[in-house]
Amino acid sequence: MTAVKDSVHDYISLDPLAQDLVDTTEFQRLRHIKQLSTVRLVYPSANHTRFEHSLGVYHLASQALSHLDNLDISGERADHLRAAALLHDVGHGPYGHQTEHVIMRETGRHHDEIEWLLTDAEAGHPTDPPTNPTVHDVLTDHGLDPTRVAAHIRGEGELGQLVSGELDVDRMDYLVRDAHHTGVPYGTIDTGRLVRELRYRDGELVLDEGNVQTAESLLFARGLMNGIVYRHHVSRIAGAMLERAAERLLASDEADVSVERFQRMADHDLLVALREHVPELGRRIERRDLYKRAVWAGLGDVPAGVVDCGHADERAAEREIATQAGVDPADVVVDVLSRPSLKESNARVVVGGVVQRLEEASELVGALRDAERAQWRLGVYTASDHVDSVADAVSNVLGVRVGHVD
Amino acid sequence: MTAVKDSVHDYISLDPLAQDLVDTTEFQRLRHIKQLSTVRLVYPSANHTRFEHSLGVYHLASQALSHLDNLDISGERADHLRAAALLHDVGHGPYGHQTEHVIMRETGRHHDEIEWLLTDAEAGHPTDPPTNPTVHDVLTDHGLDPTRVAAHIRGEGELGQLVSGELDVDRMDYLVRDAHHTGVPYGTIDTGRLVRELRYRDGELVLDEGNVQTAESLLFARGLMNGIVYRHHVSRIAGAMLERAAERLLASDEADVSVERFQRMADHDLLVALREHVPELGRRIERRDLYKRAVWAGLGDVPAGVVDCGHADERAAEREIATQAGVDPADVVVDVLSRPSLKESNARVVVGGVVQRLEEASELVGALRDAERAQWRLGVYTASDHVDSVADAVSNVLGVRVGHVD
Amino acid sequence: MTAVKDSVHDYISLDPLAQDLVDTTEFQRLRHIKQLSTVRLVYPSANHTRFEHSLGVYHLASQALSHLDNLDISGERADHLRAAALLHDVGHGPYGHQTEHVIMRETGRHHDEIEWLLTDAEAGHPTDPPTNPTVHDVLTDHGLDPTRVAAHIRGEGELGQLVSGELDVDRMDYLVRDAHHTGVPYGTIDTGRLVRELRYRDGELVLDEGNVQTAESLLFARGLMNGIVYRHHVSRIAGAMLERAAERLLASDEADVSVERFQRMADHDLLVALREHVPELGRRIERRDLYKRAVWAGLGDVPAGVVDCGHADERAAEREIATQAGVDPADVVVDVLSRPSLKESNARVVVGGVVQRLEEASELVGALRDAERAQWRLGVYTASDHVDSVADAVSNVLGVRVGHVD
Amino acid sequence: MTAVKDSVHDYISLDPLAQDLVDTTEFQRLRHIKQLSTVRLVYPSANHTRFEHSLGVYHLASQALSHLDNLDISGERADHLRAAALLHDVGHGPYGHQTEHVIMRETGRHHDEIEWLLTDAEAGHPTDPPTNPTVHDVLTDHGLDPTRVAAHIRGEGELGQLVSGELDVDRMDYLVRDAHHTGVPYGTIDTGRLVRELRYRDGELVLDEGNVQTAESLLFARGLMNGIVYRHHVSRIAGAMLERAAERLLASDEADVSVERFQRMADHDLLVALREHVPELGRRIERRDLYKRAVWAGLGDVPAGVVDCGHADERAAEREIATQAGVDPADVVVDVLSRPSLKESNARVVVGGVVQRLEEASELVGALRDAERAQWRLGVYTASDHVDSVADAVSNVLGVRVGHVD
């Protein structure tokens, strides 16, 4: 078997199906999409890609299957699952989650809804002359059903939980990988133990007896990485600027970029397109000359209507704030984080022989949910010259209690 | 400056005072006292010693001082502090915390109360012909006051908090070191950040603004390491057996071991002495042929009187249980953990410019305290043949609700 | 002091000068230039950039200076050296060494000859409206002499050896960093020891007594990383394709890219420009649909005239081979590695109180040079369909003894 | 399957046979024998034991077998091999290699000649009442032939090469493990690649095509670890003192320790016995109050007759030197290292389809052998007061050219 050297899991053995999938246009594109998009502006070592992450998820899925082998998950069942693990991120647009909302508004699809891509023989072909095979062709050539693979990627069915669910191998890989590459140690969970302790009980993926703390460690890791890495304010500012810039690119007549072309872009395509067609924001992102926080307000200081506002409201607010502050509307970015959830709290663990949801089994889940809420921030960003005037306008327009931002 | 290679912190530079202290009889003895005593029976790589740990604490104290340098902590103030960091564990008996209660009952002193050892010119001298200098002599030769060093080790005064307190460098070193050597990743906190973010506010050691999560990470790390490493039931069983064996050794006329001699023993001395004078337990510990759990009961299943019982009660209960179960009293071990506390909850952090105790600043402290309580277990151990009869006797004698132990 | 988290060296403290230099356009551009260019097509985790590497070199230079402090290297001498360490790579074109020859042929300058960039107030300004300051301005604002910094970067003078020489901190950082990110362990040298053992003797940088093996470890690390990472044939194929594509881009009337604009491109700019203007090669590089080896011949099988041929000869040979093989000249790539050298063999070490060159002090240098020679390979690459016909043509045209390539 | 957490290889799965073997008296004893004996006096983190190392060798053997599976090495063939990997070190005496010569002189057996221990039902039983089962009983209970296991441990037969040979998994484990625990990075070879590239050709264990450098990396790692770790002069001094002390213990009528009892001692037993019966040396070793080098001479300065002298000559020389120097003979230690060999040079690699010995395939083997020779040192050690007089006496008695020792 071919093996690829990975800086996190050492050698990853690829079966023949995986080798062929890796060579597709869709999968090779993941080499050019960074796992943590704008986080690298804070943690300069965090340049890892969805290519290596996807290999890691495939690897952990293979390991989990080998420890679940009493369940007779083998042959083509295992093949579909491993293919789903490998391909789970091919639906991402440039800069991953950072453009997910933009694409969602135009196509109605999340990044993990890729049945269209896997089942349509033409969808994977680039518009320019194809060189590599497509995922669709490789799957069907190997006798796999693209529809089943797509369902696994959406987390459906018994096995789908391994790829997308509260105990999925996706989150196991990204926590340790993001820790390795940022240098922030908090994500270093015990993947070796997790893949060994997974079981199926009545069709549900659970952690076996004695693993309440193993499950809690996932929540701690996520909570700390959220605050210190994923939602670091510098990364959020750059990300919000990027999202605005992407919207303007799609709206630009001169650029003439369709959403179909947009979602096939890689990071470098978007960076070059922005510099050309949305030059002010494009250059700022490229050179890390970022807006500053005019407002950084917690849940208690923000009216509920603002917390739950939609995209159109956000844009309307930006215009209004800009007007009141006397600045160009293009220079105000309102960044409303969605309300905190804690997906892992639904993870299932066996306690005293009985399957429980983690929030029943652990004293900590409720408190972690509170802590997530306490970390929530509304951000409004602008050029450093306008910070004070924009802060005042935010207070007026949104009714946000505005304090001093460090 | 001389430097020592450490597997956790890489090179540790030693100033001339530290070099001389390292060469003393008292400090060299720490080479022979394992940091995690009986934990190595569960995690076979955990053979690290208090010698290397003490070097690590000295190193982190030096780093913290260099980042606190605006406070003019230099010259002899820094010397006293660094000496205290290096020497903080020389008061430990063989097997460290595992014999602390035994020694405490006889001498009335905790392991960090070592003024007697530092200030008495004779105390450090071994009874056999001395070869190495003593800590007392080195300190006074370098112009340091042993009394001040001893006070720092007890955590007294402004600087003492760095060595023993809620944010001390002792816990920073042991968490990362124990993680490195057990292979359990949960202790990998961000020591680089911690030593950079320490500040003094009104004489109190605090973490600077923006570090609530940094402080929480200490609690998470401790909570997970407690459950998965420090209080693993196999380590507790071996530890409780060792404590009983040590008591019998001290009580043995034939062995004739004074507490003074006992507390100067190293691990190997105790192991050999037990095999000779308490052979049944001694051999079992040496060859990991351990008792099994007859009872493993949570707080809810144990009467409050039992939870808070003293040492004499424990021994009386063992005798009574043995009688009822019809086994040799030497074969029953009752192991009552002290009620869970959460020292780190008093750590101080700056939030919005104001110093707060962590439990005011963090939603999580209360829940972590609950989780600690939920993890508490009373253990009663015996030879595998007697597990059932002893369990029944425990139910009768202590009124503990006894379930099945996995 | 500000600190940046690095996945290799943990926290890197930045002095005020360094902070300002990091914010320049020239330095921010290094975020977009990968350290190992095409190596990531073999080792998918190797996505690290010259940005983080440059921070690492600055860090090791600071550490080396702190251990050399008896020499009174402080104040503005140290400032110039640290600035040079930080800036040593800002002269790289897109894809670093892979385009160095192309740029060299047009400008006559190596990547480390950047006096033009540092001393000219206009040179650092991008053609589009500037947002960030330039290196020139920051240096002069801080009272530094750009000419001296440029000289250090060329390795001139006593201190310059620390930045570019046989014992420079540049190679120390890249070896450990490349090992960390590829996952190939061979580069993990002991940087902590190296920076502690550097000394100046008669103006020459040397390793202190007892470090012959420390110096040898640098050679072993380089030799193994050369064979297994840096000169892996897949990376060489992609690199040679990239170099040809870059030449065609510069020669294209339609693209109209000047060498001045070219050398300021970042990786993403080049990738997009190639896809547009040299689409066949551009797409192949982007999607890792690479040429195969038609010929892979060692020194013994290649006439000396071919080994030492120049660039024009290489291109002429490609055309001739293509004609004889009946394929498009654009589809043949001749890749002649320069003759192996072993720069580290000139490193100086103190042996028995006397400074010696490493090749005098070590039995191994000669053999390592032979081993480098044995690893040398001439490569000729083409599309998989033409491998056999091109191999035959190479035999005829270049007189290379052609064997079977695995 | 049960799994053990290891700080080097993460989880190690134990099959039922391995679980039972781990519980034997002989294997549990390995918990108390440090892998690197006196090296911990230089590298304080190096406290790892032959217990964890043996688990690691078992793990790598299992991995190698899984990649060699085309050879149908399964069932009982694999069981015998895995048992041999696990048990390969149970024949070591206290302090491992440091007492090997002492035991060899008395019993005529090396540590890997343990047929007597495996085949005799009584040999494994301790003299005190047995608690744990013996290796002999476990092997025969599982239907294995102790004689075959013992042959594998001696490196005999096709499979035996995996346990003891030029490419054995023993050296793979100890190099990475010693690097991990000392903190010296040079031993970090690529075990993942090595176990994947092993093949059998005509009954010989070889590395597959493309691995000359992989094999060279083993030699580099050994060469560097030899010089910097294994043969560090402080470790050699302590080791030579320990060997002398062990001889005196065995010769002591008062101590009355038979070689049978001696070779079953663990480190702590020996340390306590030495302190009691050879107190001067025993205390010095325990407190690292070591002799100093009076002489440290290379091959060129030592007459051939001295280099090749036997044990009796060594002792006679010590007495003579002591007499001439006017010191107690017990205070002079002559430490003659055996002539350097380079076992790995016989490792076999496939080059161009043909199996070659590494020294044919690599330019480096000869030079590494020269380098080993250049590192060879004769040491003569004594108390610091006698260094000069002993050096003079060595010059007279042995004809060694004596220089200044740093």
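Per-chain numbering from 1; labels A, B, C and D assigned in written order.
The rule is short, and it goes like this: contacts are C-beta pairs under 8 Å (C-beta built on N, C-alpha and C of every residue); 3 or more make two chains touch, one makes a residue touch a chain.
All values derive from a computational prediction rather than experimental measurement.
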Chain pair, B-D or B-C, that carries the greater number of C-beta contacts: B-D
Relative to chain C, chain with the most remote C-alpha centre: B
Chain centre separation in whole Å, for chain D relative to chain B (CA means): 33
Mean-CA-position distance for chain D and chain C (Å): 42
Where chain B and chain C are represented by their mean Cα positions, the distance between them in whole Å: 50
Multi-partner residues of chain B (each touching 2 or more other chains): 5, 10, 184
Chain C contact footprint on chain A (complex, rising order): 4-8, 10, 23, 25, 28-29, 31-32, 34, 40-41, 43-49, 51-52, 55, 128-129, 131-132, 180-184, 266-269, 271-272, 279, 283-284, 286-289
Partner chain B, residues of chain A touching it in the complex: 184-186, 188-190, 209-210, 213, 216-217, 220, 223-224, 227-228, 362-364, 366-368, 370-371, 374, 406
Residues of chain B defined as touching chain C within the complex: 3, 5, 10-11, 192-193, 196
